[in-house]
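Same chain, two partners: subunit A is paired with subunit B first, then with subunit C.
And then the complex of A and B:
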């Protein structure tokens, strides 16, 4: 297989090339998914366009309003070890740290993990739980949408011809909150997730659950929130039986498939187990933060 | 370690000397087949187009585009293959039908692997799908849903082939005693069905060979396949080449576990080398190792056991169904697998049928133990279930029924060497089987379990060895058995060092080249130490005799008074002379012929060893005083935890005892035990082929998980114990160890899982998913959780 290799230095140049090649081009970020697909002949692009030397895509900034902007080309290792992401944004670090091995994390990127659109991408549930927005730039300008709406199916996103995902924007989280991502796979982090669960809980002044996010990966065509389970918890006094009930609802809301890693039945069961554990742990964190700041 | 039967003190054998290949391997200098490719400029690379269908007729096969691609040297299809088919190898390429998903349809040799791959993608095939059968129990019925391949049974000329059951490749019957009378006397009868999955050897180095077509019509092959002489015979036979013009060379092999006993790369590479009139290399990808290399035989075992209240087993009936896959090279009648049920317990009334069956799945063959672990899986779970039913300890039940030395097994063989009960007692003691586990809060439940087993040794072929004794006292050992990592080179060096009473550093091993090293079969059935080791001892003694004979004249002493020790000829009561002084320098004034030793010419000693042959069994009863040669035995104890929420199993502790006869190198025996234990953890809790319409969907290390450090218990929690019952005719009493080390592990794990959560799982692997399903079934009182 042969293809031409391009290395634009600006977002504008990149969009121009992408617009020119359309479906015949593949974007190269870290390459940890792309190269496998090329090797397996799942795709046969005419052109491979590298994002590797576009500095605009590599920022990581805390804004004055407390929000955070992460460039799409930040590597997972940079994300996992960034001090800027400690504390309130730790959930992102947890997700990034769960992806495969350190060798892979050294090249794989946060934007790539989203754009590959694997239902089991480990960084995505964490980002959705934190309310991440994505910035998309294309030939007709830029647009923003919440990350949950970015995915349209396994391997599919809303990106149109000529568009690229440039950065993630994370709103400033409430200080009375906590977040946890748990990945369950047969062989731990180096394996592909059977299920990934990110939860985020915010407590109000009376220690009731003010805001709840439960995001599942690997058990539907796209990573998604389970809103019935979330709604059931909002306004409640957090307690063990409630988390168990929410976990049950999350399992019912999941839409897993059977494949070589697990059957749908097993995945659903694991949603229940890991949602419960994740909620328990998140609640402990939120309570500590509450006490710490409160 | 040494028994009273073998009082001779030894200085090198029985010692954990460092491996002779350790330095080369640790430094990365050891050469494996793929390393040799750089020696051949202009090498052509082979790629194969494989069938995505489990069973289909090839309607159209067009290779013209591939042939035209620049850089392509040769393209072949089934029509270019020799008509002859050998049972030592799968069919080279499909002809009219493909019979499993992964069978080769066409192949290309090109200037680079990339061009070869591109060419493969230009080949057009049209298939007409045919009915396929994947389940061995379905396949063995009369009028099965599909006939795997009409030619398989007929080709094999199996006397048991019948058109009525066209997928059955063979049937072995054992009829010992009177099973009906036995069951009538039984106080308790227990019936169960057990099964094992298809798994891959997953040896580290994929199959690889280089074949060079020589100008005189001959070939030279460098290959990691097993048995250089077997390959030489196979290739000259398949292609009608003069035997004397086929040379096979065997660099180090990166594991085999039986996979390389069938030769799946050499024939196609030879075909393309001859057609390309050049040198080709053919190396399997990991995906091909799953789809088109050997696999472990999946086995279904029905077992019915009758026992008295005191635990005495009075009757056993078994039906063993061995799934050969789409194999031309099948283990025909399941007799080898079935042996796992015969070699451990004293069962006078034994009625057993074993069947070999073909299915449209990747072909299967030898895998560490050749079916015996799969059958022991059933037997050893059954023993624990029986013990529970009788209210006895599993140890006591086994003690009651185990074969003892000098007794006859159900075939009618008298057992000469059996240390199995001793192995089990030691394991049970070490793991403190009688002490209940202390449970901790949380989802993890602890449990302990034990099991034991045995593996027959096939008295196969014969082995030769040679030694060259040089005037300076150094010794070269020449042999042709394999070195697939198990340490045969070290064992052979130890044997020669021991025989000549020289340090290890004075021995150099030369191995695996049909133009240089003498005949051997291959390393299988754990027999290299025994077969080749015995041959080597004879070779050493032969050389010794020649040297001492020469010394009788020089030293004017009778032969019986002489000995060669560490490069010195010693005469009773005299200081002796140096070996070097026996070798006469060249001089034009002395006669150069004659019996004297010449400087520069080593003394060549030669040894041939052939195991005592089996005695044909009665085909109606399977009875014979000698079915096999000898048996290695083992026992395993594990402590583990089961997660009742996820079904995961973690092995906390493993104790393994082996009766391998006298251990020539104890450290390497420990290595075999630890390696076998780890491999068996994979087979027990992780590994299985997953299919969609017969096409394997998890053919990568990512989705087919083999054990890593993560799955192994901590080093300090794995214990290897030796409990040898030396075999009189083995070298210093040695038997073998390689295959036995997996056998008892899977049932010990299942017995421990039962101990932990009270659930008996009869199908391997005990994957998290399967374990959890059974937990849910139990929780919901057999209401199937699949319908949630």
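And then the complex of A and C:
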């Protein structure tokens, strides 16, 4: 492991460096994934460019329209303990709290968890379920896309040469909604997820399902939404049998692999169980919020 | 290429001359000879290398030395002063929360950060706060008891009746 270390202080300076080094550079956010890859010689960059002192990347702001902006360099611990993210945005806190141990969450960042592009990243299903958009800045200006379109495969994203993910934008959520992220792993948080499921439900005035998001992690090359199940639920009266059916669809749509943590068959079965549980839990939360706010 | 770095460890400023790819753990142990933080797995799983930076527990093996620039680093060596043990250190002895001892400095540093933030941490919070520290000897029961005892001792100190 040998490299030069750079510490730009602005996004502009960082992009210049990234453009200059191209494939020879690695970006360092918290470093909890990067250092392991460097140590194992999975990557051998000539330059490591740290985002650690770029203040623009550390914001956390509720906008006047109710939406929320989270800088890519917010640590998972800051996200997990933020009061701004309580209530409607609690899903993000749940996801962040599921990542590894406190020592890692104190350093690892929300942006890093996405850019590392692990199919089982715990914050990603939660963010997608909340409709998160990412802001990408590069040598040709900035662009925005929904987080679910950010990933192209395990460890791979749409980021082009010189581009960085700068922040997440979460749209203002309806108050009649609830969200749940559940991680399934053998050794709790410190272990990598076998399956992760985030669900989000919004109820309309008549208590019908107005908006539904079901997002799976760890069971396909990228985290993804189960649109068939979402579409099936929209407009319906929430009931146990429907959640059961949606869970079945989620299992069918998943494309898991077998590895040392679990077999594909087991993962698919767990998708079913976890989707059903999270839908039930999410529905309870949405109903409470509905009543709570009249 | 080696670079001059200043590190603030246990209240003392050290000047080191190291390559940027060295981890904080390596520099603490090999340059500053502070060998309390242990190198176990060296990939962020075991927690034996836990130190406290700006009040937060981190894994020394997952941080490059330039990332620690300008931060206050506390290691197990900065906790007591040989004769005067920190209540956590004393509690680990009193409750026999040590067997081989390899995980102990990391456990104590995680517990230190936890109790500083939540002086009234419950057993459940203690268990969850120590999740990133692996002990292969004790089964954790004595360790959790020791942290609870230290918590009570520290509470007495700050609220003498």
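Observations on the model:
Convention: the second predicted complex is superposed on the first by the 294 of 294 C-alpha atoms of A that agree within 3 Å, B and C clash if a C-alpha of one lies under 4 Å from a C-alpha of the other, contacts with A are read in each partner's own complex, and residues count from 1 in each chain.
Everything below uses one rule, namely that contacts are C-beta pairs under 8 Å (C-beta built on N, C-alpha and C of every residue); 3 or more make two chains touch, one makes a residue touch a chain.
Every value quoted in this text rests on a predicted model; they were computed, and no experiment measured them.
When the two structures are aligned on the shared chain, A:77 is found in touch with subunit C, with no touch to subunit B. Touch criterion met: A:48 reaches subunit C, while subunit B stays clear of it. In the superposition on chain A, A:273 makes contact with subunit B only, not with subunit C.
Taking subunit A as the reference, the larger set of touched residues comes from C, when subunit B and subunit C are compared. Look at A:188: by the touch rule set out above, it reaches both subunit B and subunit C. In the superposed model, A:35 makes contact with subunit C only, not with subunit B.
Contact with both subunit B and subunit C is seen for A:1 once the two complexes are overlaid on the shared chain.
Legend: residue contacts after superposition of the two complexes on their common chain; A:104 is shown touching subunit C, with no touch to subunit B.
When both complexes are aligned on chain A by C-alpha atoms, subunit A residues 1, 188 touch subunit B in the first and subunit C in the second.
Residue ranges of subunit A in contact with subunit C, taken from their complex: 1-5, 7, 28, 31-32, 35-36, 38-40, 48, 50, 52, 77, 100-104, 106-107, 188-190.
By the touch criterion given at the top, residues 1, 41, 184, 186-188, 191-192, 259-263, 265-266, 268-270, 273 of subunit A touch subunit B in their complex.
The residues of subunit C lying in touch with subunit A in their complex are 1, 3, 19-21, 23, 42-45, 47, 50, 53, 56-59, 61-64, 66-67, 110, 113-114, 128-129, 131-133.
Listing the residues of subunit B that touch subunit A in their complex gives 114, 118, 121, 645-646, 686, 690, 697-698, 702-703, 705, 708, 710, 768-769, 772-773, 776, 785-786, 788.
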